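One chain, chain A, appears in both complexes that follow, with chain B as partner in the first and chain C in the second.
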Partner chain A sequence: MSELLMVIIGGLASGAVYSLVAIGIVVIHKATKTVNFAHGGFVLLGAFAAYLVVVKLQWTYWAAYLIVPVLIGGLATGVELAILRPLRKADLFTVITATIFIGIGLSEIYRLSYNTEILAMPKPIAGAPFFFGDVILTRGQLWVAAGALTAGFVGLLVFSHATIGRSMRAMASNVRGATLCGYSVDRVYAIAWFVGGALAGLAGVFAGPSKGISPDLAVAMITAGFVAAVIGGFDSLRGALLGGLLLGLAETFAAAYVSSAMKSAISFLLLFVVLLWRPDGLFSEAKVRDV
Partner chain B sequence: MKIFLPSLCILLLTLAGSALSTYWQYVFTISIGATIVGVALVMLVGYARCITIATGSMLAVGAYASALTVLKLGWSFPLALLTGLFFGAIAGYVLAVPAVRFRSHNLAMVTLVFQEVVIIFLREAKSLTGGAEGLNIPPPVFFGIVIKSDIGNLVMTGIAAAIVIFPLTVLLYGPFGKNLRALAANEIGARAFGISPRKYLIAAFVVSSAAIAFAGALSAPRFRIIDPDSYGVLTSIFTLAYPIIGGMNSIWGGLLGGGALRILPEVLRPLADYIELMFCVLVVLTVMYFPGGLVELVERMSARFRQGKTASSEAALDGAETRDAMVKAMPPAMPREDEVAGAAALRIEGMSKSYGALQAVKNVSIEVAVGRLHGLMGPNGAGKTTLFNMVTGFTQPGAGSVTSFGRSLSEVPVEERVGLGIARTFQHVAVFPSLSCFDNTLIGLGRNGVTASMRRSIASARAGVAAGEEREAVMAALDAVGLKPLALQPAGSLSLGNQRRLEIARAIVSRPRLILLDEPVSGVGADEAAQLRELLLAINRELGVTMFVIEHNIGFLLSLCDRLTVMSYGEIIAEGEPNEVVATQHVRSAYFGDKATA
Partner chain C sequence: MQDERKHGCPWFKGRRTFLGAALAAVAIFNAPALYAQQGVTSNEIVIGALGPLTGPFAFIGAPGRDGMALAIDKINEAGGLNGRKLKLVFEHANTPAESVAAAKKLVEESKVFALVLASGSTGAAAAADYVRAAKIPTYNIFGATPIIRTPFAKNIFHSAIPGAEASGKSMIDEVFRAVPNAKKIGVLAGTYAFPQSHLKAIREQLATRPGVEVVVEQFDAASREFTAQLLSFSRQKVEAVMVLGSFTEAGFAIKQAPEKGLPASMTWVLDASGVNDAIVAIVGGENTKHLHGYYNIPYFPTQVNDAPMAGFRKLWIAKHGNPPEGRPNLYDMVGYGATYVLGQAIKNAGPNLTWDSLIASWEKLSEAKPSALGGFDVIYPETFSATDRQGGRRLGSAMIVDGKWKVVR
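Let's turn to the complex of A and B:
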């Protein structure tokens, strides 16, 4: 029983990070119709930037939580501006291949600038773990689960309530209509990429200490984020949030009760099952059908 | 001759390489090995437009399958190569069946799933695959000769590559490759002419995976040890760069991309660390500025070199007067065996369709007699397009049935209708822009099943061009619509009016008995509409083709049709002689409102 509880908290902690990644992917996809395969690269550079802030500059973690999202958000906006804006008229195929190679390119930039096997980061919160009877919960896990989830919720609220959120939703449902209503495509796209990139950067800050920093982090995060987004229906932020948590839980359960190989296979199994049986996701919002 | 060129180039490269030092022999060997992957990916990524991230796993399938047959079964290396090819084909099928239910990013993700699952399997099935440590591969033995030297490897790789690239060339140059490109360009248009997306994409996966696995089997002995890490996601992604940088629209793109990119890390040793980043930058620059890749770049430069040969793209077309004669030159449509004598060309009975609370089509019945030019008109939202889509099979009817010459069409898939002598055109022109007018029309002939198109690819490779009979039919159809002078122009370069003519050529080339026309003059000018009308009249008169036409343009319908049906709010409100129908009270009120008629 106590083991179960620890597995659940562990699952929620890694799942919350996946949620952040997935929400970023979905925000960008919803507002700009771009499936961003470069997202893993953003997460990796976010973790790396956090490492620079915390270890190299010896600043506090709070600085990383504030600076990194802005930095990676800015980077994402730059990528949109320099590469994807000229490709706006291109077909989906071209855009997807471009983002795949942008993502690999970002990982390569990290690898070239810091060529080590894996970078370790200090824990964001020191202190003894909590004991509840047999249950041991580390402060780090609790912090990541709570912090990432809160950030995810904030992202969700921004998209569904704030004014910038409305412009993105308008763009998502009808580009021409939104343009005619006075929303600028360029501006909305830039904002969406900034928000998506910021979420990816934040996910990097949360993921760095627990997973370590290496180019593998980029691949792991883009697959996890993508799977979570697909589970959530790819067009629903709430779905992405839940999908991330579900994936995190599934992974830790598989690792705890089956095998470590199953841990890496479970996300693909989930993706496969969802794509084939529920291509609209497990929690997708009611959709208006295209007539 | 063209068909042998790629393989011949490989052999020449082999010959050139064998004259060089052993280092260069090694470099040429890996370069030639990569050309196989490049060409295979041109088929899957370039022609079929499927983004695959499973190439690494396919190389692994070939390498492990061949290695295990040598190690465990003691088979000879040539047999092991074939085993690799065979397992690659099977793996391609297993991957394709779920993958081709999707397009773009979801398809890419399914290939990524396959990639990862294969690698996890190789790592975990230790007793079979040696797990993470991998397998030791003995040098290949070809008919008693142990191949250890660099030159031996080069010759073996060169010959094997030339052999396996040849059938790929045949498929890419022939109707199979053209149909794949048609499919990627316009799926609906392709389906209407018998190209089944599912079957074609599965075939593309199977063929290209088999070739990639063959390349994996061929290169495995050179590595001496194969392990799962050599075939990871990054391998898949960097091989994806081959066709993109080389050029996705031509076999030469695969040869050039694979051959040149694979050896960059060898040739640029001092910069080895930066190669991956360079790949990424090159790909991004290519998709941004040279979507056709290196091949297009070379073509553009050589075109600039031999100036003056600027084809007059849209030459003056023959006047409408000669149209009759040209249409007459085509053989008329013949009744097919399974037709019921005396049955209507098209009988729509009790068709209905609802979208939620909106009943788009309500219990519509129309009969189109043989030889008629039957028009269907109605204001926006009358349900014309929904009805048309149900008749053509693209929309599942809520209720009702369609028969043509006495045969029920309800159970006939869209892809098989062209074989029944029914062709159609599209409201939004659905020509295949990158293919020539000739090839567009050739697709209209039907016979586009996967195996049929593969057989035709072989036939046309033997004959050098499209088989004589097909060629004649295509040229006659192009001549009939006045596009013969533009036969070799890509369809995308034509004006809208000419693209509409091309659609008509594609519709009549199979000598159908019935053509369904969806707004044939939407978006074209008055002059061109008049010419199209003359053309349709001539086709109807000379070839005896029945036509069912949907159109907004009332004047056009009145001057074309001999019978007219009017729909409004999903129901038929009038039918009869065109001029009488438009004069009736409720047709006028449907179009102009009640006041106009007062």
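Let's turn to the complex of A and C:
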């Protein structure tokens, strides 16, 4: 029983970071209809920025949690403004290709500026773990799971209830209608990229200490984030949140009770099952009407 | 005809003419034996080498090339080998297809005398069939793959990186040195090629030890999360864990272990990929007391207080300038040392240098080391025989001392 609980805790801690990445991907997709393959690159730069703040500048993690999302959000807005805005009228293939290569470019920025195999970060919270019988719960796990999930919920609430969220929802629903209602496409797209980028940066701050910082991080995060978003439903923030948790749990359960060599395979199997069974995802917000 | 008999052959009219003709014949018939072998002239021997100079495995090929160049410079400065200078032709090869193409180019176009495979296992495995068929003397200096080792080929020799059986044995020895009565041993292995060949060798060897149980858990390349695997080790109460994977994978597993119920005093034995100073930053300096590993050469690159390493490093800096982070590395040193071993084989083959004479001299090398030709002994001595082409078998025992890996035995 204690082992089962520890498997669940481990799965939730991984899944919470996946959720945060997936929410960022979905926010950008919902508001701008852009599938952002550069998201992993933003996560990597978020982790790298956190490293600079915490290790190089010797500031606290709190500074990283506050500064990095703003920095990466600003970077994402800049990318939208400089590269994707001119491509707005291009076909989907062109835009997707652009985001793929933006992602590679972002990873290269890291590689060129810090040519080392991996950067390690200290734990965000020091102190002895909590023991509940045989169950061990570390402060780091608790912090990452709770922090990433809280950030995800905040992102979800902003999109669902805040004024800036309303503009993004309007754009997601109908671009022409939203424009006629006075919403600026440029402004809403910039906001969406800022929010998506900020969430990616925050995911990087949470992921850095547990996963280390290397170009692999971008690939690992974009893969997990996309799988989580597809499982949850690519148009559903709630789905992205739950999809990330489900993916984290599935990976850990598969490794623990099926085969440790099957960890990745099981998560992709889950993806294909969901795509075949419910192509819109498990928690899709799309409404189907019989006409 | 009768007339010819009477007067003799016009070529042999006088004693002087006969002597001249005889000398010419000797020169003509001996010339091919001296100089017809490709890549060998009266004053030069061309050595070809291939390996990755760019890309993710550039940390293998580029140091290999630099180490070889260092040794060749010094051998040439000392007068060369039997009056001939060495010349290195290095071809970049990253993928298996590039490795085969590079080997063919070196042998068939550049006409090198001997070939050095300074690539990892992937390149060595890819070029294996070609070099076997070409029969060119070949020195596999970095590849641990069994594909280049079996079936046995008379022309292929191996340097300081032994096959998985030898390194697996070394890891098992490390475990039992740290936990002499271990009955349950965990093995955490990557699902990719090298860890899997290592895993097979370790499983086979542990199966011969009565009363020892092995718990195997696996992970994908670049994994950072080991909850399930560590919980399994914790549940089964393993007494030591061998990690077959990179230092990043090993580092994150070791870092997470106490959170999953494994004791802080757990013994961890890493393979050579894990024996990297960067692991210290991942696991934290305070958690390195129970880390063990093996190393293919007698000195870790940072052991600059030991005389051979200090000399080698000085030489390296004189030729290549101030080293970037992580250089010179294992591959610089093996490239350097292996070139001296090859040089020793060439020297012993004598002036009449052919592929056959080189192979014959190479397989007689015993305890060959760089200092025999004036170099620094940064590799273990290599010994070959007519039936065994693995020169380096010895592996050093490594531990972390003052935050840095050190070869202690």
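General observations
In this section, the second predicted complex is superposed on the first by the 284 of 291 C-alpha atoms of A that agree within 3 Å, B and C clash if a C-alpha of one lies under 4 Å from a C-alpha of the other, contacts with A are read in each partner's own complex, and residues count from 1 in each chain.
Here is the rule we use: contacts are C-beta pairs under 8 Å (C-beta built on N, C-alpha and C of every residue); 3 or more make two chains touch, one makes a residue touch a chain.
None of these values were measured; they are calculated from a predicted model.
On the superposed chain A, the positions of chain B and chain C overlap enough to count as a clash.
Once the two complexes are overlaid on the shared chain, A:94 sits against chain B while remaining clear of chain C. When both complexes are overlaid on chain A, the residue A:174 reaches neither chain B nor chain C. Of the two partner chains, neither chain B nor chain C is touched by A:60.
Touch criterion met: A:261 reaches chain B and chain C at once.
When the two structures are aligned on the shared chain, A:223 is found in touch with chain B, with no touch to chain C. Of the two partner chains placed by the overlay, only chain C lies in contact with A:14; chain B stays clear of it.
Residue contacts after overlaying the shared chain place A:150 against neither chain B nor chain C. Look at A:184: by the touch rule set out above, it reaches neither chain B nor chain C.
Shared-chain residue A:212: touches chain C; no touch with chain B.
Once the complexes are superposed on chain A, the part of chain B occupying the same space as chain C corresponds, among 57-65, 219-227, 273-281 or 435-443, to 219-227. With the contact threshold set out at the top, residues 115, 261, 264 of chain A are in contact with chain B in one structure and with chain C in the other.
By the touch criterion given at the top, residues 35, 37, 83, 86-87, 90, 92-94, 96-98, 100-102, 104-105, 108-109, 112, 115, 219, 223, 226, 230, 261, 264-265, 268, 271-272, 275-276, 279, 289, 291 of chain A touch chain B in their complex. Those residues of chain C lying in contact with chain A across their complex are 191, 217-220, 222-225, 227-229, 231-232, 234-235, 248, 251-252, 258-261, 278, 281-282, 324-326. Contact residues of chain A toward chain C in the complex are 3, 6-7, 10-11, 14, 115-120, 129, 134, 136, 138, 140-141, 210-212, 214, 216, 220, 251-257, 259-261, 263-264.
Listing the residues of chain B that touch chain A in their complex gives 49, 51, 53, 98, 101-106, 108-110, 112-113, 116-117, 120, 123-124, 233-234, 237, 240-241, 244, 273-274, 276-277, 279-281, 283-284, 287-288, 291, 355-356.
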